[in-house]
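Letters A, B, C, D and E mark the chains as written, and numbering starts fresh at 1 in each.
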């Protein structure tokens, strides 16, 4: 409909997906106290946490359920990016010889990667 | 050559001018004469019994105008869940009341149990602290961990719900035996336990609400940070406060992001309305960021065990999952749909999987409510599937690209019916995968990885392929599945006398750029400049009843309604043009903003121009409809065109895809 | 209450403030300049960034009385004298560097401060400089691109929009 | 926020006088204190802003080393100390974000002594001297644990004097949310030995890693640190890292700082 | 937050036991304690002010004793509301064992906080709680057995002739 806006939506979703994969976590302690109740502890992605990337939507198959043939795009970036990021981390670890690491839960923080390597 | 106008053009956003100049108007930017300030008193404990709330001292403090507690709302309705889910055994889900202010018990840190209204924000804050100091809440053990909540039934979030389970959902229950059998005979089984981490949507604009009441007319107005003002009006009017809908206007002005968290109705909205009525003055509230963290609906929070059965060469045979999904302390409006119909139905991903079974137990805990956050259910499903496919590839030493290519639905298989009840309409997943491999330079990856290694760094490559189901609908089907609201949308297109257009939409922009994009649709179809189209949204007194913006639905659903309304406008215009152009209606064509007579241009009997732009049609129509000019006999009085300006309203609910195995709960599906 | 006087967007303004009155409160409630937004409590989101004596500061973490006499510039003062968008603002529109618009005033003010200090920043410098401004909508892609473009650099080679 | 009187004296003497009032609190940039006040987690009756005192501002190279006025902002230090003490300038340029650096001051930072702040590592790692309105305090005596310093009632930091090392570097690993140091290490090589100060890692705040100092004094190279171990006892464990992870970071960052020192 | 530790106190168990149950001792030993009154049976009322960096909060609450095994062990529990800061709760299970030259006092402390201090201060809570516990038992030890040797020497050099007793010992003779 408007490629600039479509890509902007995807960028936003990818930003949030990378946030979920690498940074963001909501943590309650065992007494139900919310420990991540400000930006001091809830890690929001910042400009230097994300790279430039390419968005392509040239493989078009129009939707058959509406007259415009349009499909939504607002959530796509947030849906597909977390597993892509985590799969990449696991791949990197395997290439580095850390083949005992089968999975790391999100957010895949440096501390968790370190624990996984040494665990 | 990229288009520079209309559909497909990267038109610059018109809303940016005000946002970039500091002239946007967000809820907290609205200042009203005589306004007062609400501050909520929130629980510091996750789970507690309210023993005493002594309001006397706080009520006597400077500037304090009113104090509300849960007692004031015990007889009004609760904020309901919007989707009824039945458990595997057929019993309906448990639905505890979600009150405006906590009554009897507090159930999460941040659960508001009182509110203070004062002349200034600081006075309200002072008194709220006094009230907190004068309250006695007996702390009970908190229920935080879902596994423990389910295992230990002695401690309950809601006293009337014995096992802290809202429902135990199986999808599709009839397929379970076949799935189990597929696993029994599978050559290879991959198992993975994983967590979809709990997130907070964190729109940069904190939630805010202003309630107004006019004692002279009995009219209420709520200005609030909402993605869907009509839904909020419906919930406040029909379920919570019982205000007649015709007496309540809900306005969502510029909204600073939502990502799901502003779909829902929250108690603060009801409170400022009730307080405004009591005081006869505007009552405003704006969340501090910490309040947002404590009380905005959170997202995700699934704990999942997923199993995947495959052949030794990576053909997926079956998928089986068991998930605990946190709903928090109360059911937020869409919280029951998210882990079920937005999650379980996506558990086949973009793959040809013959057998899938999904089990989801939703669990009450002493945490903030959890509901749909950008993606809502689909990210959880995708993370589970794509992680386990990757793990399977590693276990079997297979190439993750080739395994996916092999399992992806083929282009000639659409429409494709999955074993979890969806029909995918279209897609060419292989082509997308090929394009990805090219763009990402997968062939050159090993070289890049080696270069990184030389610098002491590890480089990895991750792949994910997925489906985004969007614009959930159609209304009649979701109704069958438990939705308590229709998921259509609506638009009114009005041609103003001077030929410019006003479009009233049910969708609401909180960053998506509707003012620009919707204008592109209308401008393209009517062949007029985008600048001639005005988009009106976010005010229930101006717009048709629509369901708002979430779930990637604005364009697919509301855009379609708008498209249809424009078609009606063109049809009306043709009738008028037929008269003006002295031709039969069937001979009139519409292109580039002009009505013309089809076929080779021929001289008209009157000798006038053979085409008419929309503005002339409108002027003519206006004169007829106002009686300034006699309605021509070529348009008989029985004509379906009503008097008044040329305007048309349409609703749209997506049609289900044709399923090969009815009855099937279908959604409209788009795939990346 | 004490009286403070400062210059805001070129005009001398005065107002009665309490000791605790924040600059953001003074601007929004005292002067009606609601373009400066408040998005957090802990001085991190940056939606409230304004310029004080030419430097970017967080107005929600600055007391009005502490900047008495200063030159303050807010988003409302960023447009060109003829009302058109300034180069930075125009770049944000051209490159779709904003969506909901809430973080945008702070983002523009920080970007303008960066370009005043460093007229040709690299991508890394832009990203580093903007670390005190949180945007939830754009994924920063187009913001960084807009700032690079506003500095006069060619962004056509930046990964497609 | 509770209300208070706001005063902005122009001299140290007036500031000291203002601070003698009951419930008075110094404000030196306020990038930590102001959010605290907004949350009502403190309620001073008088707030004394120190940033209007000209004699407490500026960066100046002298015989004793680099003197920095306590009310000098991080941004100014990042710019003006760069020629004299690049490691310190880099540290200042990495605190918070640009807007925070334009308000926050060195005096405010070290008076607060947040266990994850950067400046304490720079001051302790440099063996700097903290100058107050009453006396001069060696860095080793000044930092006394979590949010605790040698400052007495009515005493304010007026400046800090840094001896200039032959080589130095500060390497910080950001806590991803707050951008404070999850762990930060300042290494400074002087003619008479090496100092290593660690911030962000210990429950007791900034501290010197003496084993590394000894090893690096003998051999200033990353390999000198390789054989050392850091105990996780007493280190901070929180959402962002366990004590064991922080122990690892101390070693890794020390190596990186040695490599980066120039 | 949980931690356990022990102290070897140069006083007999009966003296240590009496000190634990004495509100004046507790007042002196709880860092920042402004008042402490009441009885062992009904519990004590306490007001404690804590300053951590820029944060200053006053907690009003109660201290109670439970699981009392006379002369041997007990649990001290405290709970206070700190206004905007939220609340703090803590307990110490204390066991006394006679040893040569005194008493071995071992303790297991747990502490939890709620409200703003939990929401904003999680990174420093453990460290702070540990510091408070250390300080409490250090003060307690000093109260019962007197200042450490070097301090005594210093004081003596300043002219105080008599060897100092712990103030609690002086109190009880």
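Convention: contacts are C-beta pairs under 8 Å (C-beta built on N, C-alpha and C of every residue); 3 or more make two chains touch, one makes a residue touch a chain.
From a predicted model like this one, the values you see are computed outputs, not experimental measurements.
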State which chain is most central when centres are taken as means of Cα atoms.
-> A
Of all chain pairs, which one counts the most C-beta contacts?
-> A-B
Any idea how many Å lie between the Cα centroids of chain C and chain E?
-> 50
Just curious, how far off is chain E from chain D if you go by their C-alpha centres, in Å?
-> 32
Chain centre separation (chain A, chain B; CA means) in Å = 20
Using the average of all C-alpha atoms in each chain as its centre, how far is it in Å between chain B and chain D?
-> 47
Contacts with 2+ other chains: residues of chain A = 3-5, 8, 12-13, 16, 25, 29, 31, 33-42, 44, 54, 56
Out of chain E, which residues touch more than one other chain, so two or more?
-> 83-84, 114-116, 119-120, 122-123
Would you pick out the residues of chain B that each touch at least 2 other chains?
-> 10, 12-13, 45, 109, 122, 129, 202, 259, 289-290, 293-294, 511-513
Interchain contacts, given as pairs of chains that touch = A-B, A-C, A-D, A-E, B-C, B-D, B-E, C-D, D-E
Contact set on chain C toward chain A in their complex = 40-42, 44-45, 96, 99, 123-124, 126-128, 130-131, 133-145, 158-161
Within the complex, which stretch of chain B touches chain D?
-> 122, 125, 129, 290
Residues of chain B defined as touching chain E within the complex | 44-45, 109, 129, 132-133, 290, 293-294
Name, in rising order, each residue of chain E that touches chain B in their complex.
-> 81, 83-84, 86-87, 114-116, 119-120
Spell out the part of chain A that touches chain E in their complex, as residue ranges.
-> 29, 31, 33-35, 37-38, 40-41
